[in-house]
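In the two complexes that follow, chain A is the common piece, with chain B as its partner first and chain C second.
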Partner chain A sequence: MKAQGRQVPVLVWGAALLMLWEAVSWFLLEWAEVPMAQSKLPYIHKVLATFGTYGGVLAAESRITFANAAGGFFLGAAAGALLAVLMSASKWAERLAFPYAVASQMIPILGLAPIVFGIVRDEEAARMLIAAYITFFPVALNMLRGLKSVSPAALELMRACAASPWSVYWKLRFPASLPGLFSGLKIAAPLAVTGAILVELMGASRGIGVMMLRNLYYGPSHVYMFWSTVIVGALLGIASYAIVSGLERIAAPWQPEFRTKGGGR
Partner chain B sequence: MESGLLSSVKGEEAVREQAATEAAGAQPVMETAMGAAETTAAEPATELPAAKRTAPPGRRARSAGEAAGRVVLPLAAGALFIAMWELKVFHRLLNLQAYQLPLPSAIVRAMRDNFDILLSYAGYTLTEAILGMAIGSAVGFVVALAATAWPGWGAGSLFFAASLNAVPIVALAPIMNLWFGSGMGSRVAIVAITTMAAMAINAHKGMNMADPLALDLMRSYAARKRQVFRYVRVAGSLPYVFTALKINTTAGMIGAIVGEFFISSRGLGYLLSNSIKVAKMPLGWSCIVMAAIAGVLFYLIVERLEKVFIRWHPSRRT
Partner chain C sequence: MEAAARIIPEIQLEHVTMEYASDASRVTALQNVSLTIAKGEFVSLLGPSGCGKTTLLRIMADLAQPTSGELKVAGKSAREARLAQKYGIVFQNPVLYDWRSVKANITLPMELKGVPRAERNRKAMELLDLVGLAKFAHHYPWQLSGGMQQRVAIARALAMEPEILLMDEPFSALDEFNRERLNEELLTIWSKVRNTVVFVTHSIPEAIFLSDRVFVLSPHPGRLSAVVDIPLPRPRTKEMRNSEEFFRLIARIRDSFEEGV
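Entry: the complex of A and B
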């Protein structure tokens, strides 16, 4: 019952936004007679119709983009997690890598996309590399914070039980690091998709970004198709976030925000 | 009465500590990056090394050595990296040519030769990022306010703000170009959209972290809804707001640069993608260096502001 009560506003908001979109589109086209009105905000029902007609192509292309982004995402996440474990285990590694990891957070990483594409001419590899690179640092930083969030008392207990370093990690640090790991992954997932699409726009042969670019160049006759690709791109980003959030619920279900009652925030 | 107040203070402390650990995530981190040694004070209490550091008696001498290690080691590693790069170690390892991955000396030369244009373009890109971030963050904050004031319906709008966060920037670029022309406006719009969500979500979180006991206290003072917002919710959300602002500085720079890749005749992103197209790799790299410097500066300014504005906050007290 409660879940239903929460979903109603979202649904109403969604419906209202769609109606507003349709109304503004109609207003631009019929009343204001803005030049290129349909390119600026096309009728949403026509975009959806295009979705139906070309759904197969859109799905095939977005699968390529998504697969590349996911591949890079896993590579980057694995490397980031490895670096986090290294940094938590060795002070030297932390001192060496930590300032750079932090500085990299302040640098517009996506700006590197054309350069990476210039170095690695292979489009699949470039897409995966960018996605991996974008994923790497948020995951490393957030997981390190998680690994370090272990309570000193628990560590002392493990020490008192003469636990091996391996079991300290396995039983204490890894579970404690999961929330941090997932907050890093949630930051990185949509970014990885963005990175993959960006590389495609720089010049690839397949993927949703390529379709976006082509339909943009064809001009007003391909407006609905262009908007469909944009919506697909957005959906890919949202889907990646939703998948990671779903995994988080399965892997680390004890976090306060998942509680339905009690415990407060 | 007294015990009630006491526990209220305690509860507040706990909430603030929580806020502090979250805000501190970025905080102590910056100081290490800048080479300052006194990270100990700002670090969250839960971290392990803090407990270790308080113990030994000969701490002063050791911490001086530690500080040197903190600064010297990363710097040495960075210098070694650049030296290896200059000596073409990476080129040999990865089988690259100098025109694919330009040498640091060539990048520095390109920067010196084009310094004026790089500086003016960096200013242009930074202006876009700052304007867009200001607009986006303001809108995001208002959304958060509305969502807190009318929880039932406002939370729905928050869901859409959050999903905007997942929309790839590159998909926005062509649309904003159609809406706002190829001038500065389209990039400002891109940045505003990408920064809005982070602010809305963070500020909403901060406003709803308000201590229930503090709210009860306001109620017992017969405070108006507006006063509750002003003194409890908005004030309490400031650490979260600044966390969002810091996230948004980077997001803003990325949005501005990526927006310029496709539709612009000025700016660092334009120069970057253009010089890659005509195979002027050193110039492209110098754009990246410039963007990195501008990004770090922008971040440091926001962090400075944070220190000025929430000096009163427990997480900032030393």
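Entry: the complex of A and C
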């Protein structure tokens, strides 16, 4: 009952937004007679109709984009986590690696993508590498923070128990870093999808980005399809975020926001 | 009986001094402290804040190194004793790991010691029984009250089967009622374990109620100003808190503070 009560405002809000969209779209097209009005804000019902008609194609292309983004995401997450562990284990490693990690994020992806493609000469590998490149930094940064978030008392407990350095990592630092790791992953997941799409826009044979670009070139006649691909791109980002959030609930359920009962302190 | 127990020394400190170097000056946290604690003895380190009682405990635990002086734990260095896992330690805060259930928090030291799983689980349930939390084995730390969390921390410290139990103001965050109840529970637990306990506190009644002997420390610089024997018989009961002897001991310790300052 309670859950239903909460859903009503959300539904009303969503319906209102869609109606507003339709109204503005109609206004631009029929009333203001703005040139290329449908390219600026198409009728949402027509976009949804296109979605229905070409759903199969959109799904197939999205699958390719998503698979590349996911592959790169795992690669980048693994690299980021490894770098974070190295940096937390040694001040020296941190001083050596951190400035370069920061500097790497200053390179525009738009410039990097053709370079990467030029080197690997494989569109799928290039997409994965860019997705990995985008992923590794927020993951490394947030996980490092998590690894360092361990309280001195928690470390002293380990010391008093004569724990090995390995045990300190495995039983204390690593679990303590999971909330940080997941905030990094949640930032990175939609970015990895965006990155994969971006590389597709720069020349690939398949993927949602390719469809997006083609329908943009074809002009006003393909405007509904173009908007469909944009929406699919957004949905892929949302899906990636939802998947990572779901995994977080399984892997790190002790965090304050997931606590259900008790929790007086 | 008490005198007989004091024959085997467990912890011996000789002329222990601890200095911290801050920006310009040197702060003497402990000055020339010498004391001996016997095996199986329950002692308190009592004093106001800044008297170095926690520093002294940390030195015993090998969590801090003295600037000068000698320290022997069961005939070895503190470091050797720590590496031989002779210590159980309870901090001011419970320091429980949030990702572990109550039971898993208690099994942690045994995992580090390499105790087999079945044995760990059996022992953890036994300890939970001992601290009266058997029903909460599968709860998580944040689902417990402060007093319950501290009892889990005690059970965890006992899981090491420590020769020496070091407690750093474990009940100072609790209200008076809970503190007195936990004092009684601690003595009940200790009567079954009978290891050496060093208990840091700033509460005079708490020190008296628990201890065989009270080491009184005074501040600036931290030094040992008196050693007071507590001749109250064991097992201690709550009624003893109202006995004339108890009040006499409180007055005696108060006086020693005034002499010390």
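Quick note on the criterion: the second predicted complex is superposed on the first by the 241 of 265 C-alpha atoms of A that agree within 3 Å, B and C clash if a C-alpha of one lies under 4 Å from a C-alpha of the other, contacts with A are read in each partner's own complex, and residues count from 1 in each chain.
Everything below uses one rule, namely that contacts are C-beta pairs under 8 Å (C-beta built on N, C-alpha and C of every residue); 3 or more make two chains touch, one makes a residue touch a chain.
Note that the structure is a prediction, hence the values are computed from the model and not measured.
Enquirer: Classify the contacts of A:V193 with the two partner chains as first (chain B alone), second (chain C alone), both, or neither.
Expert: Only chain B; A:V193 stays clear of chain C.
Enquirer: Does chain B (first) or chain C (second) touch A:A252, or do both, or does neither?
Expert: second
Enquirer: Using the superposition on chain A described above, determine whether A:L112 touches chain B (first), chain C (second), both, or neither.
Expert: Only chain B; A:L112 stays clear of chain C.
Enquirer: Answer with first, second, both or neither: which of chain B and chain C does A:C161 touch in the superposed model?
Expert: second
Enquirer: Taking the superposition as given, does A:L75 touch the first partner, chain B, the second, chain C, both, or neither?
Expert: A:L75 sits against neither chain B nor chain C.
Enquirer: Looking at A:I238, would you say it contacts chain B, chain C, both, or neither? Reply first, second, both or neither.
Expert: Touch status of A:I238: first partner only.
Enquirer: For A:L29, select first, second, both or neither according to whether it touches chain B, chain C, the two together, or no partner.
Expert: neither
Enquirer: Mind working out whether A:A153 is in touch with chain B, chain C, both or neither, as first, second, both or neither?
Expert: second
Enquirer: Looking at chain A, does chain C or chain B touch more of its residues?
Expert: After superposition, B is the partner touching more of chain A.
Enquirer: Following superposition on chain A, which residues of chain A contact chain B and also contact chain C?
Expert: 151, 265
Enquirer: Using the touch definition from the top, list the residues of chain B that touch chain A in their complex.
Expert: Contact set of chain B toward chain A: 25, 29-30, 32-33, 46-48, 51, 69-70, 73-74, 77-78, 96, 100-101, 152-153, 155-157, 159-160, 163, 165-171, 174-175, 178-179, 208-209, 249-250, 253-254, 257-258, 261-262, 268-269, 272-273, 276, 281, 284-285, 287-288, 291-292, 295-296, 299.
Enquirer: Looking at the complex, which residues from chain C come into contact with chain A?
Expert: 61, 63, 82-85, 87-89, 91, 93, 95, 97-99, 108-109, 111-113, 139-140, 142-146, 149, 160, 166
Enquirer: Can you tell me which positions in chain A touch chain C when the two form their complex?
Expert: Touch list, chain A to chain C: 151, 153-154, 156-164, 167, 171-172, 175-176, 178, 252, 254, 256, 259, 261-265.
Enquirer: Which of the residues in chain A end up touching chain B in this complex?
Expert: 6, 9-10, 12-14, 17, 36, 39-40, 92, 95-96, 98-100, 102-103, 105-112, 114-115, 117-119, 141, 145, 148-152, 155, 190, 193-194, 197-198, 201-202, 209, 212, 216, 226, 229-230, 233-234, 236-238, 240-241, 265
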